[in-house]
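Take a look at the structure set out below.
The chains carry the letters A, B, C and D, assigned in the order they are written, with residues numbered from 1 in each.
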Amino acid sequence: MAELVSLAEAVDELVHDGDAVALEGFTHLIPHAAGHELIRQRRRALTLVRMTPDIVYDQLIGMGCARKLVFSWGGNPGVGSLHRFRDAVESGWPVPLELEEHSHAGMAARYAAGAANLPFGVLRGYAGTELARQSGSIATITCPFTGEELAAVEALRPDVGIVHAQQADEAGNVQMWGITGVQKEAVLASRKAIVTVEEIVPELEPRPGGLVLPGWVVAAVCLAPGGAHPSYADGYHERDNAFYVEWDAISRERETFAAWMAQHVLGTADVAEYHASLGVAA
Amino acid sequence: MAELVSLAEAVDELVHDGDAVALEGFTHLIPHAAGHELIRQRRRALTLVRMTPDIVYDQLIGMGCARKLVFSWGGNPGVGSLHRFRDAVESGWPVPLELEEHSHAGMAARYAAGAANLPFGVLRGYAGTELARQSGSIATITCPFTGEELAAVEALRPDVGIVHAQQADEAGNVQMWGITGVQKEAVLASRKAIVTVEEIVPELEPRPGGLVLPGWVVAAVCLAPGGAHPSYADGYHERDNAFYVEWDAISRERETFAAWMAQHVLGTADVAEYHASLGVAA
Amino acid sequence: MSATTVTFTADEMMAVAASRLLRDGMVCFVGIGLPSQAANLALRTNAPELVLIYESGTIGAKPSQLPLSIGDGDLAETATAVVSVPEIFAYWLQAGRIDVGFLGAAQIDRYGNLNSTVIGDYEKPKVRLPGAGGAPEIATSAREVFVMLRQTPRTFVPELDFRTTLGRAVSTVVTDLGVLEPRGADRELTLTAVHPGIEPDAAREATGWKLRVADGLERTAPPTDAELTALRALTTRDDR
Amino acid sequence: MSATTVTFTADEMMAVAASRLLRDGMVCFVGIGLPSQAANLALRTNAPELVLIYESGTIGAKPSQLPLSIGDGDLAETATAVVSVPEIFAYWLQAGRIDVGFLGAAQIDRYGNLNSTVIGDYEKPKVRLPGAGGAPEIATSAREVFVMLRQTPRTFVPELDFRTTLGRAVSTVVTDLGVLEPRGADRELTLTAVHPGIEPDAAREATGWKLRVADGLERTAPPTDAELTALRALTTRDDR
């Protein structure tokens, strides 16, 4: 059964330097609060796994938490580049960043294989792309029935999977709804899972589009209202579209980035203080 | 977009002698009305595909519609044997029945592979079972990353997939809820799909646990209220548990079976008449 | 049995003995029939926090009465989550999330291998049985496997007519006569307990091979009043 | 352009020209940015029954305003169905259910191959771009592929810095200057239309290889009032 603990405790207990950590959330429900806590606790040499590294990974990378990035698309959605990600790749600042780069279809197949305890996933993929040359985690496999050649991708089995959901009950059962992306697979592929939630409710009421994870596949459930900001949580808070635009200016230079992180992340104790520092409602 | 047509028209147009046909529904939402229509239209030499052949396939097999059965468990749930299935296998009556036999995990992986347009599925399966010897659709495959050996199963791509759902809207979008089993995969793995529904509604309202199939992946939507009987349709009608018990006596002998089918299926024009003949509410 | 205040049938003893194997918090993948009965009994007696998983995709079902099928509506309504059939096998069973698989069978051999496919030759069977269902993968993906079946020379056979399911992970077999567990280097099923009123010889006679009896053979405690009451409430459905 | 009653920008012409490629009932897998803008315009003009699929798992979304990301809440709320990301790629894209994939890129070569990975060397890039996203499989699993990007010598290059995505299925490229389609045995991208006010030479100068111009080069019809009104309503978000 999932323990209901503070996010600080969960990160302290469950995430270690050098771990492979997957924070998932596809535009919706991005676990920013958990990312901030990794930064506050100064985790180092993480292998960060995520299909769509966006602001949360830009922050982790810029703060020197990551040794390696496993991903398929890294940008600021609707805005442009991730400057901290670019700086790490182009200039090795603050530390060099190894890349293991895939397509979305490949990453999704890798998570699904991990969730299913298979060593690899199979897809019609990577045809004609030079990506296949860049990664040891892409191979070809032959269908034993038709002789056809397909792509095989190595399963993802992160040490820790972290997602944000709308609700948990007191037994740690979790419900999320809306766009739920690859979160089920990320949780089930990981050896341990942390779920931050908007709200703890006495009993989960099934919702249209609801995805429920039983508490016994989750190591820790942590209350973090507004923990997706600047991403959104359907039914709880809206996407802070302006922040995505502002991030471009904040993150463009190392100094403005460092100052912002010092004030809003390192200088805050938790998600409530983070919101207060930005003047946004939880 | 799905055409809204009568079940008789849909079967007439879309199902041909010799086709591979998958009627799915895992205890819940079993498409009995569609099975009855296949019998009324005297389809022959079908390859019947279904994880859990129960009464609906006992009827099709006993009426001589099937040449081959692809399955993983064939019984009368909670009651015992399927007598018509046994008679076909043990005595070749009314026609011999070829078997392609799998485990549930293997059948599920085969449907999933078919839905994903992969030629095979991979699973940790068939270890130590003699089933693997009986079927050309089971092979071993080696992980290109770890060298581990796993089972590969040939994808299922039925000619026609048939399922029963609670609702469709006028564009043929379909919604089912409750236990939805392998129905999404059966529809998406099949070249054409027929969906019978309890009700046509102006607009689908998303339901907890709702599975929605867009009309453009369905060839025909047919109104067939009570079309799962004796199985059930959550929110519409209950399982007729007594009928499952009665079926044991009805189907035990060829004569009583034939008489029952003549009266209740061949002697009725559609699902409404079938209900009336049995004295059950739709 | 004359010393007990309530009488009970051999099948009731079997269900009760099997239910006692299940413990709170265990995740149990359960087949319909005897295993489902025992698991539902456990939920009402010694393991209220047992997590029941049915292959229809229901996770954590707490049915209000004994389900007649693995897909009863009650299972979905009371479940923590309902997932698709491909998912229950891939992400839950195969993924190694199941503590115990709970199976029945038509035949068992001395190594716990199971037959639920045919009596007689596969190509020309004397009796065509329902087939494998989920058993082959339940038996190899669950951490351990419990088996329940009535013990007779026709079910406890020296050689299976067909090996549907590998017995390697079978840790306990509960019958109407007693309990068998793998023992020794060869892990042969060995009688480790007999139910009240049953002598080891009765189990030997009901076994198609020379049955080993464990030193320190135990005797199953008879069903308690609470167990019997719960079991009888469970098996009396008003809609059957 | 002096003959038209309304003026429009080159980007607006590009969006309108691209939107006209989409037809009612088509199933379109669409990336964010220019393709999403054009597809949403089509939904409001010539293809109200266009089925939009975003890689976030929304099928049949009809967003009330232009989404800023592929996972906007509006996409889920207006979709016929919302599925998981693994499912959208496996059961929908890979399964061959997509008529047209609609992509952008940083670089394109004469065969429609696309780069969205790096400018410069992969190991030591001058500019690290976002990367592949869904493009490699969209481009090989959709029946045809439309590409939208602004035409300059830096984007239309003789040799890609990195081949992210195969151009084999690219049937139309829409730029701010005109339209290119594969022609001839080698299926080289050939200018088949120019937008109002654009001469073929402008397209030649904006292309990093010797651009072929089709016989019977067409001229794109200027945006209609209805198209421009719809596009401008779409691109004016009040919450941006």
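The definition used in the following text is that a residue touches a chain if its C-beta (ideal position, glycine included) is under 8 Å from a C-beta of that chain, and two chains touch if they have at least 3 such contacts.
Everything numeric in this text was worked out from a predicted model, so none of it was measured.
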item: Whole-Å separation of chain centres (CA-atom averages), subunit A against subunit B; value: 40
item: Interchain centroid distance [CA atoms averaged], subunit A/subunit D, Å; value: 28
item: Subunit B residues counted as touching two or more neighbouring chains; value: 117-118, 123-124, 184-185, 209
item: Touching two or more other chains - residues of subunit C; value: 90, 94
item: Contact graph of the chains (line, ring, star, complete, other); value: other
item: Every chain pair in contact, whichever chains are involved; value: A-B, A-C, A-D, B-C, B-D
item: Residue numbers on subunit A that touch subunit D, as the complex places them; value: 26-28, 51-52, 71-75, 77-78, 81-82, 85-86, 89-90, 101-106, 108-109, 111-112, 123-131, 134, 178-182, 184-185, 209, 232, 234, 238-239, 241-242, 244-245
item: Residues of subunit B that touch subunit D when the two form their complex; value: 1, 115-118, 173, 184-185, 188, 212-214, 216-217
item: Complex contacts: residues of subunit D adjacent to subunit A; value: 32-33, 55-58, 68-73, 75-76, 82, 84-86, 89-90, 93-94, 113, 117, 122, 125-137, 140-141, 162-166, 168, 237, 239-240
item: Subunit A partner contacts - residues on subunit B that touch it in the complex; value: 117-120, 122-124, 137, 139-141, 143-146, 148, 150, 152, 154, 206-210
item: Subunit A-facing residues of subunit C, complex; value: 25, 27, 51, 59-60, 80-81, 90-91, 94-97
